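Both complexes below contain subunit A, partnered by subunit B and then by subunit C.
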Partner chain A sequence: MVVVADAGTLYGLLAVGAGLATGLAGIGAGMGEQGIGAAVVGVVAEEPGFLGKGLFLMLLPETLIIFGLAVSLILMFAWTPFSGIVTP
Partner chain B sequence: MPVLRLPKFGSPVKYAYITGRVRAMKTKLVPAEMYARMMNMDMSEIARYLEETQYKDEIDALSKDYSGVDLIEHATFANMAKTFRKLEEVSIDEPSFLILEYLRRWDVWNIKTLLRGKFYGATDTEIEKHLVPAGELSSERLSELAKKDSITDIISAFDGTDYSSALAQYDGKNLASLENALDKLYYFRMELAVGGTLSVGGGLLLKYVRREVDIRNLITLFRMNKAGVDAAVILENLIPGGKLHGELSRMAGQPFGEFLRGLEGYPFWSSISDIASVDLDAVSRIEARLRAYLIRYAWALSNYHPLSILPVLGYMVSKETEVSNIRKIVRGKEAGLPAELIEEQVVVA
Partner chain C sequence: MLRPVKMSRVVVAGSKNVISPVVEKLHELRLLHIVNYNGSQPQFEMGKPIGKAKEYSEDLIKLRSVTRYLELNKKFPDKAYPESQVLSELDNLLNNVGADVTATYERIVAIDAEVKSKQDQIKALTPLAVLPLPLEAYYGYDSLATFVGTATTSVDADVARVSPVNEIYSGSAKNATFVAVFVPAEKAGEVSSVLSEHGFSETSVPRLEGNVDSAIATLGGSIKSLEGEKVPLQKKLADMKKQYEDLMLATDEYLSMQTQKTEVPLRFAETANAFVIDGYVPADQFSRLKSELESAAGGRLEVSLIADKETDELVEKGEDVPTQMDNPSLVKPYELITRMFAIPEYKEFDPSLLIFVFFPIMFGMILGDIGYGVMSLLTMVLLKKKFKTPGWQQLINVVLISSVWAIIFGIFFGEIFGPLGLWGKVMGQLPEHELEAVKVAGLYFGEGVFGSLGRIGFWPGIDIFPMDRLASNAVLLLIGTSVIIGIIHCSVGSILGIKTELAYGEKKHAYFERLPVMLVQVFFGLLVLGLVIGQMMLVIASAIVILVAMVMLVMGPEGPMGLAHMPFYVSNLISYLRLLAIGLASVGLAFAANQLAFYVVMPMLSGGATDSAEFTIPAIIAGLVVLLAVHFINFLLGILSPFMHPLRLHYVEMFTKFYSNHGGGVEYSPFGHVRRFLKA
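Let's turn to the complex of A and B:
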């Protein structure tokens, strides 16, 4: 069988992929939240009772990060590419 | 004329805070059904009702100086000035610029009040009572101006500002042409400051302002065509810059029936079609309907562009209308006008 790559490089690339999955999801959620956060602060300044609903709306984009995080965790722990690698 | 231009393209996120805030503030406006109930209240009941709303602080603060109608009128104006100042203070960049540009109409209002007051020999304190410091001119500056001795002193105090060209038209005899020039200047300035920019917010504000100019011109046409005024005089009184300016100027001086037939098919026609007839008794009914149409237009535009200046604009227009409605009701009741007549004047969008 042919050696695909050495285990260290492959594991490194996996780690980069996992990092990108969580990191990009975080940036995306942040961009989504900037407007919501500003609007919620604006409403709460007038209606303090809106804080609970406002926080809920703010947390909606956060759920996207969980998808990213799940992909990262799968990449790092659940999927084991090393099974197919035969070291010489 | 020195005019500040918008510095850069507007990003919708800049509007998130201020639109969120005005949408919350909108819920605190007096609901439309309250106007009908106010008709049946006496003055102290209206004051008491207003004390339960956003006007509480002003009613409390002014109740030692005024009472009855004056109290309500001054409290509502003071509250409006405070609210508009707040809007300007809590916004930055483009929203702040556009809000101030809109609020300059209150500077024009104040300048008119100052000049009228001096023209008819009112005292400083009397004039100061009727000033609404909602625009760029602060209340300190306004009271300083109110203390000036004569109209020419006030006019010279504005030397070097945008208003000087309009104020230079004062001929010492009447204020009508000067007031007309101030109105024209306001819309001209708005077009110059906002129209040259590629920003979405500026363009939308201008779209609304063009419609407003059209509506104002239309009201002028209704009044003057009804009275059979000469076309040349009407044209002098029309404000340039509206979207339908060409079409409306052609209607100047037309016989009333023909004028009404010409209006069919315009977007505002549906809001006045049931009362606009040749034997129309009071143009003020048409005026109230058209004002209501403008408010609906501002809010309708803001639904297409939720993160823009339009919700703020819609709020400012609604607030101005609320204050003028309350004023109409209390002044009308004080003068003993029949309830139906007051009801016709109240603008409900």
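Let's turn to the complex of A and C:
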């Protein structure tokens, strides 16, 4: 079989991809929380009893980063697509 | 336990002559949740307050203003007073003590205001010191206009241009030129516009006499004497607070109770000679309520139970049956979490018991560290002694129970303040050759052992505990575990959802909205499992069930739109990966802290020593500081995230399946008062 690239390089690219998956998801979640956070602080100033619900609304977009992390974990641990091609 | 307490609808009707003893008894019993009369029936009118309602509320307002001056807050009672003592001291407390407190407080406020105005005067006077004029020279003229203030550039020439007759004094203070301009009154307008071109901004001169410095000194002296007067007054207030705090809170309670009692007839329906009270009482307490009330009223009263069927009609008209959650004392703290979301409706399930089962396990699985678990346990035990209000106690109990689970999972994960390291020192580590063997076989789950027990596992031949959460095999195993917990958690929610919909008589919602969700989630899990273990039969069977569920969703109340929720159901399950992910983050930080302290800071500061025996004392101290700081941050995060995230899993992933879809309920709050500062 043809060696496409050096195994180390491919594994490195895999790691970069995993990093991007978590990192970009994190940025997205952060942008989502930004708006919710501001709104929740506003409501809590008016009505302190809302704090519990507010905190939980804050956590809603955090699912996004979990998705990113799930993809990363699969890339790093569960999926080795290059194992077939890289063996010299 | 999963259901709220069963309630009965009762009607109490009696002669107006016995209204006082009946109200007194009701207040004491604390059983009847009164349904307010809305005035809808022409033959009844709204009730009127009885007794000295007005006096009590006036006294209460007086007392509240005094307690506000003393800055009294609700606190845990130190001692309880008998009602007679409160009554005998009521007059003295409200009039003599109250007047004293008010006068003292008002004097302090007046002193503060005076000090403030004197300070402002000093502020205005200070820059005037650069001008060679006594203070009385600045005011009191009829034909002269005065301008005193700062200017950015020299004003002499321009002022002379518009008003040849003038008198100008200037001097420079810190970083501005200070000027005093005197011109004839009729030139005031022109001069003012000229001055504004020079960036002039006016200062007001206090109406004082004499030399500026001596005026400042006089003001300073009087501020000092005022402050001196204030100190004993503040001490007096503090002493009075100490002396009367409990008595005042007890009086507040007494007056609140009296106002409650005298004003409660406003919620009754009345005719000329009779009153009627509607309300709910826990079904098993009805006979007690009936007998107690009838004996209190001497028979001139009728307490009757309304049949369930009629109650249902009232509920359909919009009356809310109050909910009293019914849980054993161990589960009680978790009602706090339920309550934070919504009070369950009377017909709904009370999810507190489920939270009690799942929440601590999730918390433990995320934190999973013996060190942090013990620390949070100790912190909570200390806090429990400090914060004694019921709300805090419940919250602390929730974290307390969860900490125990964190310790239990810490034993599975082999973590004491981070993985490996300390665990290895306490329990012992796997020998090097065995470690190599499992690594080669791809079965590495960590290197700790349980002392003499060695390693333990649940598959024969593969001993995985204590497990290193950072090892890839452990990560994969925990991904699976998280999703399985998710499926169980969501399924329990779905089952309750089906039962709730049936209780509301919504069969279509139950079988074509709730059931398919559960099928999709369970069989999605099985499908993935089939893919992982390579069982194509399982995959195909699961796929067929999912298709059937999708068809059911299309037939359901939402029609094809129901399918739009499909990604949500799958994302629900993936969401449970946070159980693993947040745990990993916390382990990672703990691991980093240990590595940083023992393998980076200490060797580097000891000049590259590799053996712990060669570490210098300063290096060890620096290392310990780093270690403590990072672990402390991790500990704080380690309490917050494992608390908030399972909370979210309950609220979003589980509650949406069955809870609060019909709007929140009304909490059972019987007429009466829990005595805290008063003896019964």
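We take it that the second predicted complex is superposed on the first by the 83 of 88 C-alpha atoms of A that agree within 3 Å, B and C clash if a C-alpha of one lies under 4 Å from a C-alpha of the other, contacts with A are read in each partner's own complex, and residues count from 1 in each chain.
One rule holds in what follows: a contact is a pair of C-beta atoms (placed from the backbone, for glycine too) under 8 Å apart; a residue touches a chain by one contact, two chains touch by 3 or more.
All values derive from a computational prediction rather than experimental measurement.
**Q** In the superposed model built on subunit A, check whether subunit B and subunit C fit or clash.
**A** Because the two structures are overlaid on the shared chain, the partners are seen to fit without clashing.
**Q** Look at A:Leu55 in the shared chain and tell me whether it touches subunit B only, subunit C only, both, or neither; answer first, second, both or neither.
**A** Touch partner of A:Leu55: subunit C, not subunit B.
**Q** Go through the superposed model and pick first if A:Ala38 touches only subunit B, second if only subunit C, both, or neither.
**A** first
**Q** Could you say whether A:Phe77 touches subunit B, subunit C, both of them, or neither, answering first, second, both or neither?
**A** second
**Q** Going by the contact rule set out at the top, does A:Leu69 touch subunit B (first), subunit C (second), both, or neither?
**A** So A:Leu69 only meets subunit C here.
**Q** Classify the contacts of A:Glu46 with the two partner chains as first (subunit B alone), second (subunit C alone), both, or neither.
**A** The first partner, subunit B, only.
**Q** Quick one: the Cα-centre angle at subunit A between subunit B and subunit C, nearest 10 degrees, please.
**A** 50
**Q** If you take every C-alpha pair with one atom in subunit B and one in subunit C, what is the shortest distance in Å after superposing?
**A** 8
**Q** Considering the complex alone, what residue numbers of subunit C touch subunit A?
**A** 340-341, 472, 475-476, 479, 571, 574-575, 577-578, 581, 644-645, 647-648, 651-652
**Q** For the complex, which residues does subunit B have touching subunit A?
**A** Residue positions touching the partner: 12-13, 16-21, 23-25, 27-28, 90, 307.
**Q** In their complex, what parts of subunit A are in touch with subunit B?
**A** 34-43, 45-47, 50
**Q** Given the complex with subunit C, which residues does subunit A contribute to the contact?
**A** 52-53, 55-56, 59-60, 62-63, 66-67, 69-70, 73, 76-78
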